[in-house]
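By letter and in written order, the chains are A, B, C and D; residue numbering begins at 1 in each of them.
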Amino acid sequence: MIRTEELLLNVGPQHPSTHGVFRIIVKLDGEVITEATPVIGYLHRGTEKLAENLTYTQVIPYTDRMDYVSAMTNNYVLCHAVETLMDLEIPERAEFLRLIVMELQRIASHLVWWGTYLLDIGAMSPFLYAFREREMIVNMFNELCGARLTYFYMRVGGVKWDAPEGWIDKVRDFIPYMREKLDEYEQLVSGNEIFLARVKGVGTYDAQSAIDFGLSGANLRSTGVKFDLRKDQPYSIYDRFDFDVPVQTAGDCYARYLVRFEEIKQSLRILEQAVEQFPEDGQIMAKVPRVIRPPEGEVYTRIESPRGEIGCHIVSKKKPQPYRLKFRRPSFVNLQILPKLLVGETMTNLVTILGGIDIVLGEVDG
Amino acid sequence: MKGIVKGMGVTLKNLTKKKVTHQYPDVPLEMPDRFRGVQHFDPEKCIVCNQCMNICPTDCIDLIGKKNPDPEKKGKVIDTYDINFEICILCDLCTEVCPTEAIVMTNNFELATYSRDDLFKNMEWLNDNNTNVRKENSINIPPKKAKKEEK
Amino acid sequence: MSDQKQVTEMDPKESKKNIENIEEEVTEEPSPNQDRLDRIVELIKTNIAEDAIEVAFINELDRDLPCIVIRSPYWVKTAMLLKESELLKLNYLRNVSGIDFETHFEVVYYLLSMSTGNQLDVCIKVKADRENPSIPSITSVWNTANWNEREIYDLLGVQFPGHPNLKRIMMPDDWEGHPLRKDYEPIDPEV
Amino acid sequence: MNLLQDLTFSSFMWFLSGAVVLLAVVLGFVTYAIYFERKVIGWIQLRKGPNRVGPLGLFQTVADVLKLLLKEDTIPRNADRFLFILAPVIAFVPAFVVLATIPYTSLLQFADLNVGLLYYFALSSISTIGILLGGWASNNKYSLLGGMRSAAQMISYEVPLVMSVVGVVLLSGSLSLNTIVEGQAGGFWQWNILPQFVGFIIFIIAAVSELNRTPFDLPEAESELVAGYHVEYSGFRFAFFMLAEYVYVYAIAALTTVLFLGGWHSPLPFLDFIPAIVWFILKFLSIVFFLFWIRATLPRIRVDHLMSLGWKVLLPLALVNIFVTTIVIELIKYFK
């Protein structure tokens, strides 16, 4: 008599494919998952609590550490929220610098995603190739603001540093280089039959459930919902640039892959225009009082981070410190759909689906 | 099969390409001027205004001032100045607020030690850390002036 | 140039979609969203109850965002209405925040419509008293609320009756207290 | 062959020293195969590869092995001790034993069995039992999954592997590896790879799968099962598994050379002045390089795809290949 039992497997918190300290308890029937329970909080640093005792400027370096793969957009969302509260007008040159670093950051972040995703799927080399290109962006950031990961570049009212001499030219040169490399990536991976078999039709959900679960970014756009905050609720100076919002309709891992891949190309397009229109001269900081005391009130700003809609909700009591600071962290929200997707899939697909959602644990746990 | 063959071609091409890695500890890494490394502290310049201590988001700076030993001069001089690099995040805010550039960033970044105790750096250590000091230092430079320097 | 820019910054979607005529001086004129707010208030009042709404106002600091404070007993029904009504179709819950105001708790929901095209936000607030705070869960309406409510329960201690799995999410299960409360004192200050 | 017939003490010593020499050669190969693999993959990934220990990092593997030998030997408390210890041995021994039948040149061969090919396949599948045992005995869920995958993979791929070489056997009319090579003399157009191209492709795919290497490294898939069947192994027991894997790389590369690439024969007759062993090594190394190359390029295949590929594509193809080969051979015979 054969006795079969369900296997309770504890994937993580230390596991090569959970992209950090994420734990998911799966019940396995053979290799098929019958139940999945995510457990998070291993990286919870209490940013929101810490922020209540810090001034707005002091909070910005903490946001670097939330989504550490895309620190620039985190910087921006906080600054943008405070600026909205204070009704500040940002100098043109600062806006351009912000936009350029944010788009570079989007490319860098998607490159990290691309590399690690293929590493999850089992291909080693793409990771190294992606990091070669990311390294160039990181070096540019290093030159601009003196750090390679936690940039702390933006301030309320502008940016800390002006672009050093020749920096804009470096960005300009990077665009055709990156385009060429994207072609290489496409040849290396996008047509690979093994890869396609791994991602097509895996982790499918429809637009209805994507909206219901509050997904954003590529996770939402892969289901055919054409919603990109840069276009639909523009912030910064995105309305001046011409770019498309890539959309796929299949809603599977491959669709998400294609959306992100296309987003890199669109970011390059934006960069191309931004570099051309970059103002010759100008201030990089608005006139901001030394102690930032936004008026009493409440604001919620949201921008399109590489992972989706990152939001910042500030409750201000006219003090230098925020009364309550809450971040809408896209990875945290996007991850909620995971248990639903995993049921009935194999262990192998767990890795593919989790990688496809593109989470950063620093952001999930806040 | 076609996709696989294409991919194989890409990797084969890369086999002979120039390598991009650094021989790191053998060949030191050159950081750009703005790089935020371990601070250099100059006790001579410090006026004990406590701004760096107050702005520090992680409270990693501890300083104590004393009365100026020279009775003719007013104000305070620095007595002890410690930075705890266990929690310092090298965010640059202390150098940004410093009115006299007594604390400045350097390009030195190697902080790894075998003991956490070694990460407490006192005034002497910070004063001796005077190589690769950053040239362009404070946001207090008025933007217009900064622009001129750039050009 | 600068004038025009200010307008785009103030209310980009307005200028783009041309729903309303652009008001340059928002502070003096009634807000462009006032009439939208009135419509929502009207809808809730007719369909739910006359006293479902505590107060409704325009948050001028936040790009004239319509804000409605709902009394918590009516919240689930109102949520269903907001999501289902043909007029609004607020099917996307973008953010849930919990705030400790020391006198009371407030949970703020930012809603958005993905299907009606005029993607305008609405902000809904629900209050809970300081002793024994409790707000009905809306996980059954928007799945997004699931983890967000857990997070608020974990960090602020607001109960969400009706939630399928109201457990701590960030802190360990045996953690004492709710860290984001203003009067929170850690048991061991070193941790 | 005389050695086998009368086993005296001196012939036994010869025999033993031969085995020791082979072991030394194999260990030397494994040492530098690992080095070579890391270098090749490093180069492909725009890195330099190992370059610290010794000149050009040549002693890197030696240092690694030393480290493994010095490491604490841990056995999980709830593991099945006996099987846990036995598993690496079972995995390694067949890997070494199969090498006996490989003909390097017409003279250099340890045992010319007339069922050499059969011997190879029969023994090599025993290694999978070692992997399965190791996965089960560790009492770890990841390694259990790895072991299960390994067993499933072995069953699905052993069949097409054997079927794919039947065509070669039909062509040369023998199971002896030596005879198979002899049949491919006289230039590259005589090599089995041309008439048996389909067989060759199936053989390569199935062989990589048998090796448990990327893209078929499911039993140890590090991004899913952490390290699969050898999660709990450390120190020299882990080294044994590694050793077994690389010895199989050696064996499969040698076997491919023998079966499809004409063994020690030169590709063009006028190149015959180059010693036979050089040709063998060249062909052998290009196969080894190919294995490393695909490891650096391809993503991992999925378990269910692996099964369907094995049963639904490779096996029918192999059968068709046998069928067509037989018909062609018979037709040629008929018209001669």
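Just so we're on the same page, contacts are C-beta pairs under 8 Å (C-beta built on N, C-alpha and C of every residue); 3 or more make two chains touch, one makes a residue touch a chain.
Remember, it's a predicted structure, so these values are computed and weren't measured experimentally.
Engineer: If I drop chain A from the contact graph, what connected components are left?
Structural biologist: Apart from chain A, the chains cluster as B, D | C.
Engineer: Average the CA atoms of each chain to get its centre, and name the chain whose centre is farthest from that of chain B.
Structural biologist: Result for the farthest chain: D.
Engineer: Find the two chains joined by the most C-beta pairs in contact, please.
Structural biologist: By number of C-beta pairs in contact, the leading chain pair is A-C.
Engineer: Grab the C-alpha centre of each chain and report whichever is closest to the global C-alpha centre.
Structural biologist: That would be chain A.
Engineer: Need the CA-centroid distance for the pair chain B / chain D, whole Å please.
Structural biologist: 54
Engineer: Any idea how many Å lie between the Cα centroids of chain B and chain C?
Structural biologist: Between these chains, centre-to-centre, one finds 42 Å.
Engineer: Per the centroid of Cα atoms for each chain, what is the distance between chain C and chain D, given in Å?
Structural biologist: Once rounded, the distance between the two centres reads 63 Å.
Engineer: Measuring from the mean C-alpha position of chain A to the mean C-alpha position of chain C, what distance in angstrom results?
Structural biologist: Going by mean C-alpha positions, chain A sits 24 Å from chain C.
Engineer: Going through chain D residue by residue, note those that touch at least 2 other chains and give them in order.
Structural biologist: Residue numbers touching two or more other chains: 44-47, 296-298.
Engineer: Using the touch definition from the top, which residues of chain B touch two or more other chains?
Structural biologist: 4, 7, 10-11, 14, 20
Engineer: Which chain A residues reach two or more other chains?
Structural biologist: Each of 125, 129, 132, 188-189, 192, 194-195 in chain A touches at least two other chains.
Engineer: By the document's touch definition, which label belongs to this structure's chain graph: line, ring, star, complete, or other?
Structural biologist: Graph shape here is other: it fits none of the named patterns.
Engineer: Strictly by the criterion at the top, what is the full list of touching chain pairs?
Structural biologist: All chain pairs meeting the touch criterion are A-B, A-C, A-D, B-D.
Engineer: Would you tell me which residues of chain B are touching chain D in their complex?
Structural biologist: On the chain B side, the touching residues are 4, 7-8, 10-12, 14-21, 23.
Engineer: For chain D, which residues count as touching chain B in their complex?
Structural biologist: The touching residues are 40, 43-48, 293-294, 296-298.
Engineer: Quick check: in the complex, which residue numbers of chain A touch chain B?
Structural biologist: Where chain A meets chain B, its residues are 54, 57-59, 61-62, 125, 129, 132, 135, 142-147, 150, 152, 160-162, 164-165, 184, 187-196, 281, 283-285.
Engineer: Would you tell me which residues of chain A are touching chain C in their complex?
Structural biologist: Residues in contact with chain C: 40-41, 44, 46, 48-49, 84-85, 87, 89, 209, 211-214, 216, 225, 227, 232-235, 239, 295, 297-302, 309, 311, 313, 315, 323-324, 326, 328, 332-333, 335-337, 365-366.
Engineer: Provide the residue numbers of chain C that touch chain A in the complex, in ascending order.
Structural biologist: Within the complex, chain C touches chain A at residues 2, 5-6, 8-9, 12-13, 16, 59, 61-63, 65, 91-95, 97-100, 108, 110, 114, 119, 121, 123, 142-144, 146-148, 151, 155, 168-172, 179-180.
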